[in-house]
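Presented below are the structures under discussion, each in the form of structure tokens.
You will see chain A twice below: alongside chain B first, and alongside chain C after that.
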Partner chain A sequence: MATVPKPNELVIDHKPPQTGWMDTPVVFRPGTWCYGAKTKNLKALDLPNPREWSPGDEDWKLPENWKEIILEGIRERLEKYRSFKIFMDICVRCGACADKCHFWIGTGDPKNMPVLRAELLRSVYRNDFTTAGKLLGKMAGARELTMDVFKEWFYYFFQCTECRRCSLFCPYGIDTAEITLMARELLNLVGCNIDWIAGPAANCFNNGNHLGIQPHAFKDMIEFFVDEIEAVNGVRVEPTFNRKGAEVLFITPSGDVFADPGTYTLMGYLMLFHEIGLDYTWSTYASEGGNFGFFTSHEMMKRLNAKMYAEAKRLGVKWILGGECGHMWRVINQYMDTMNGPADFLEVPVSPITGTRFDNARATKMTHIVEFTADLIKHGKLKLDPSRNDHHRVTYHDSCNTARGMGLMEEPRYVLKNVCNNFFEMPAGTTREQTFCCGSGSGLNTDEFMEIRMRGGLPRANAVQYVHDKHDVNMMACICAIDRAVLTASMNYWVPGVGITGVHELVGNALVMEGETERTTDLRGEPLAGMEESEDEDL
Partner chain B sequence: MGIKFSLLVVAALIAVVFLGVKVVGMYYVFGVIIPYLAILTFVGGFVYRIMNWARSPVPFVIPTTAGQQYSFPWIKQNKLDNPSTTAGVIGRMALEVLLFRSLFRNSKVELRDGPKLTYQWEKWLWLAGLLFHWSFLIIFIRHLRFFTEPVPGFVHLADTLDGILQVGLPGIYLTDGLILATVTYLFIRRVVIPQMKYISLPADYFPLFLILALATSGILMRYFIRVDLLKVKELAMGLASFHPTVPEGIGVMFFIHFFLVCTLFAYFPFSKLMHLGGVFLSPTRNMPNDSRMVRHVNPWDYPVKVHTYEEYEDHFREKMIEAGLPVEKE
Partner chain C sequence: MNLDKFLSEQRNTIIKKWFNCVVESYAPETSRLLQKESNQFANPVGHAILHGIQAVYDEFLQSMDYEKLTPHLDRIIRIRAVQDFSPSQAISFIFSLKQIVRDELQNRIHQHQIPSSEIAAFESKVDQLALLAFNIYTQCRERLYEVRLNEFKMRTFRLLQRANLLAEIPEWEPQSTGINHQKT
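Right, the complex of A and B next:
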């Protein structure tokens, strides 16, 4: 694996090269591309052209008629998606989106400007689907689909995190994320996915979650955190699994079960549900909130997402509660009901504690945990001691998908302000709808891609640096499992001294539970503010 | 390359009409036939493009949510940037189309040593873009005075408002200056900003030059090389009433201007200028964020292969039983 240059050694040059973009070949430099999908993962998902290959190789082992397949794929998608057709046609190249992409900001590579990323595909569209392109060729910005062009697609469409920041600024709402979605579908038609997406998707399909955790292990892992909670505050929570007749099915990304610091967020969920006496169950079959199918194709998204409703139906729950995750919520908000609904076997979610009817989820019947908790707090149903988070000086990172694919912005802030005393916003223009991507979204959170991830993480990190310098911020809260994993790496790289937490970890810290023993540490086992002394005495 | 090519095309267009009218005397061709063809192409092309877009369905609800969602009564929804109702969408679209709301968000990133990033105020593109489009629209409306009799009130109104400066400077229209200035600005930023230059195609320069030539010829005609406006009106009315005539003695400047208009009209449906129609159909802007509240149907939805619970349990039953997990079949 390539080593990543130190932060102060990274060269970022925003000046475009001398050669025009059509004449500048792509270079597969280690650290800037992801490994190709493995045979077994493509096979597990019935995806075309399973084979051993590497994007670094000269020969990608594509089927003989790959070009026809791709062109036919474009034609089909133009017929199926008005978005795609319009976005291919109406860009005026005004450049408003150009400097809005974190990958362009962090690499200076002009093909990371959203407009040029789109042009990579648009040029082929013009060549084969428009009269002007057919007649005028390069003069009309058209070019033929060649193997080099195809490789360039792979490189740059797996160098877009589908964050939609560009679409916010485009006067016509051209969404390069949507174009990337189409391009990835096309790449998948001939077996050119990356393994970091195909692997988790295959795991999810067969085992229920991205990490491939099997049912018994899933239960074990959660029970491990039951012990951990007891060690912190003496309360023994009692989660149930695959339980029929529960009122609520709870689904969260499996990353929360598996890796720090998501696991502390998971402890927060467990504590909250116990404290309010929620009648809920986990599922080992639908044990994944995230959806790496979304990063593959619409069809794969639907195939993986189907489990949520299927399991809710089988268990006979009334409604579904979803954990903290970004892309999971874009899928739930914008695709789930259309793909796998109608969920007419469920009821409109009603909080059993406050009686609030979640009217905004009346069709999908699925509520976001942050909405749920915000409502609990608003109604004074939780006993909270925010001083237990006084050792944290907290800022909040809006995940791209909950911001620009949903609009969940105030709720997490409301919760945070109620569970901690020191909350600071990052500068305007880097938060809420204008939030910057973590740099590793849409399935690009793999180690071999570290250099680009760190480059793409720069704008977010820079905003954190600002509040770190100005307000001593040492903790960034987020509501996304990928964020929790990758921002930790990006902070270590760019702003050492800032940790990452889920919102419900902080809820768990602040939550005063019935029958709890005196708290001296937070969920991580770190001493609470003012408790450092007593810790020392114990030693 | 794109610049030279586009300039050349515009120059060639002017040469064609100049020679055609002045040397060959094809008044009828440039005064009647080409205008009718251009309008036909425009209307036909425009309708075709819109129908062609509209033919493709919108399978999913994918608005770019640019503000707080609708959730609780005690959290203020941003109804215009993240609408959940049709009224909200109309408001959002009105802001987009009339005021270029999204472009107004624009900022400029600057990279300093460190690396350190700053975001600068950058509304010039928004301002120039907006002034350019509004000027274009007002000029277009003003021109309707040639094609109507009696001239409708809104055309008079546009004329009066646009001529507001005429109190001190007789005969001056605001929009004449604005359109020249803004098109020049749009061109200059395209060549001066390195990224803009890098992404620009001939198709980006051409409309700018065409509109610049169009506006310049109009202004020349109005202020410097006068033509007989009564005769122009006669020609225009003839076209509008489908009794075309070409009165004698209209200066060649008019024919240059008129031919450039025709070129613009004919070019319009096949170019990026179709953003005029596209913006109204853009799914990230014209859909309400209500997909958790209202079911949206994908017309081409099809069943997909899923991994059912039964298959899952069959695979893991032993382990599940051993772990004390409930199973359907013992």
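Right, the complex of A and C next:
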């Protein structure tokens, strides 16, 4: 006979556990962690401890002396990176950063407060590297590195997108992203990366891009878009590949080549370059702007970044033009010159159309396409018909890496206001340097992680919801390939009815090209405003 | 006294207690943020919960129109459906309304002053609200998996297309090729 539960057993306890944060281990529930790095990908990158494992397993198959390796890794990095030592020591736990993190706002999990996430690592630092911690232990905020602590690192440092919004509010200027970078380096010392990072990094190292697209296929795919452009406006653009002696090398994230809606942005680049007669080439070897090495270790970031400059040298170009990417620009702007510089075999970028010299890029010799296009528009070099974007009511998402990482805030807005008539800003505090992360940056844009991604994407989506309700916004522009991919998913969950576009897709729509036929559709094949009837007639 | 009148008079008290009950399902540090931060962009979860339950409560006292209730309830449940809650924890706040109202009745007037049939009718309405919440929760989880599936499909579509690995039925009817497929 079934036991009838007592009334008190029927009460659903919805309150969280009351144990302290140090004593509450992580529960690895599916949907809240990314798959572990595969053997083949770790091997391809010469990373330690390649083996088949899963973060959901009890046994992570770490080497016996894993603890020693990690502590030695901390010691080495404290000596090597002064910033790491300072960031470990100076935090006074004021909490200014706490409520600035999209992951804390969205998950409600206190260990996602940047201060507490960093404390996961600091507690071990105190325990083994400070006198107070050695003597006073827990009273001084110290704790021993155990397997539970290590697993907690994996869980939470792969729940930080290194967006640096929290750093903006830190009175001491602690760059929490740098703490996450260090923690991920440490995890990598015993083979605990996620496969969504290790896989693309391995492919990029071997074949030049995240998906491992080989040169002939890369060329083939871009030529496919040449046909697509011709179908839209009758103009046949003529890109070149691996052409020595071209003035400019163009590098963009491979996401623009294979993943919608980035592909439409790529069509915009091709149209623009054709129209202004830019002497440029694609490289099928440096066929990736993204750098998932950045999410692995400093050494891996350097290794993958070097390829772009090696290719520029091989082809003998004067300078590099970079496409709409996020973290590619953070790597270029913040790390490239000290890692792989000086790029003294290149020249300071000068626009061959306007003569503008991009002195801001004199160290890296690499200019952002939005700066380049804004300059063209400013000098009246483009014929634009913004009414071709009248079917869109557009807002702009500042990508963390381009806004906070390199201060690129006015140029994309300038371009957007020239190529579309309906532009609406999201509320202050959610844009520009205070922009909210897409929720899936720093290599966390994998599908098995969708639940956490939605939590992380909530603050951004909430601001989009506001302009969607108030101004009927139906399109969000951005200049990052990861944004284009993940905001599409985020909007599908939080704000259905809002699409995602690159800025240069809208440029491509508005660009009036020499010899073009009458435009009835945009680059996606959707009828332009007022052209809906002619579409029906065609049918 | 009539229960509807009581619920209208005690609206603010009940909503406040209901709101507190929802935010207490989060960790104490989080709960404090959800309660204190009034900027809707700095505190989207707290804002959605507060405004969601206010609208649900007002609608609940009036017509109990499912169509009107759904968007308000959706604001809260869409968030809780992807947070670290089991399905029952995610929507348990609906049932809390019963206890809050019972306690208020106890505190303010003698419960027996309200006809028991009215209390039973009220609790039955809360149950209906819970059933609606269950529908919304399920729709949110289904949407989550749809989003995942769509992303997965979009990621590989162009590649398969270019690699000529797709042999889809074309949208249009092809012209006759003159080949006779009929058995002779």
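The working rule: the second predicted complex is superposed on the first by the 522 of 539 C-alpha atoms of A that agree within 3 Å, B and C clash if a C-alpha of one lies under 4 Å from a C-alpha of the other, contacts with A are read in each partner's own complex, and residues count from 1 in each chain.
Convention: a residue touches a chain if its C-beta (ideal position, glycine included) is under 8 Å from a C-beta of that chain, and two chains touch if they have at least 3 such contacts.
Bear in mind that the values here come from a model prediction, so they are computed numbers and not experimental data.
Overlay on chain A: chain B and chain C clash in the combined arrangement. In the superposition on chain A, A:78 makes contact with chain B only, not with chain C.
Of the two partner chains placed by superposition, A:278 touches none, neither chain B nor chain C. Of the two partner chains placed around the shared chain by superposition, neither chain B nor chain C is touched by A:438.
In the overlay built on the shared chain, the residue A:429 is in contact with chain B and with chain C. Of the two partner chains placed around the shared chain by superposition, chain B and chain C are both touched by A:458. In the superposition on chain A, A:107 makes contact with chain C only, while chain B stays out of contact range. Using the contact criterion defined above for the overlaid structures, shared-chain residue A:321 touches neither chain B nor chain C, since it reaches no partner.
In the superposition on chain A, A:220 makes contact with both chain B and chain C.
Among chain B and chain C, the chain that touches a larger number of residues in chain A is B. When the two complexes are overlaid on their common chain A, residue A:172 makes contact with chain B while staying clear of chain C. Taking chain A as the common frame, chain B overlaps chain C at a single listed stretch, which among 111-119, 147-155, 183-191 or 237-245 is 111-119. Across the two superposed structures, the residue set of chain A contacted by chain B and also by chain C is 12, 14-16, 98-99, 105, 110, 113, 220, 427, 429-430, 458-459, 462. Only residues 12, 14-16, 29, 32, 98-99, 104-110, 113, 211, 213, 217, 220-221, 224, 258-260, 263, 427, 429-430, 447, 450-451, 454-455, 458-459, 462-463, 466, 485, 488-489, 492-494 of chain A touch chain C when the two sit together in their complex. Taken together, the chain C residues at the contact with chain A in this complex read 24-30, 33-34, 37, 39-45, 48, 78-79, 82-85, 88-89, 92-93, 95, 143-144, 146-148, 150-152, 154-155, 157-159, 162-163.
On chain A, the positions that touch chain B within their shared complex are 7, 10, 12, 14-16, 20-21, 46, 78-86, 89-96, 98-100, 105, 110, 113, 115-116, 119, 131-132, 139-141, 164, 167-175, 178, 205-206, 208, 214-216, 219-220, 241-244, 284-285, 298-299, 302-303, 306-307, 310-311, 314, 332-335, 337-339, 341-342, 356, 359-364, 366, 371, 374-375, 378, 403-411, 414, 427, 429-430, 432-434, 458-459, 462, 465.
By the touch criterion given at the top, residues 5, 49, 52-62, 64-72, 74-76, 78, 81-82, 84, 96, 100, 102-103, 105-109, 111, 115-117, 119, 125, 129, 193-204, 270-272, 274-275, 278-279, 281-285, 289, 291-298, 300-301, 304-309, 312-313, 315-316, 319-320, 322-326 of chain B touch chain A in their complex.
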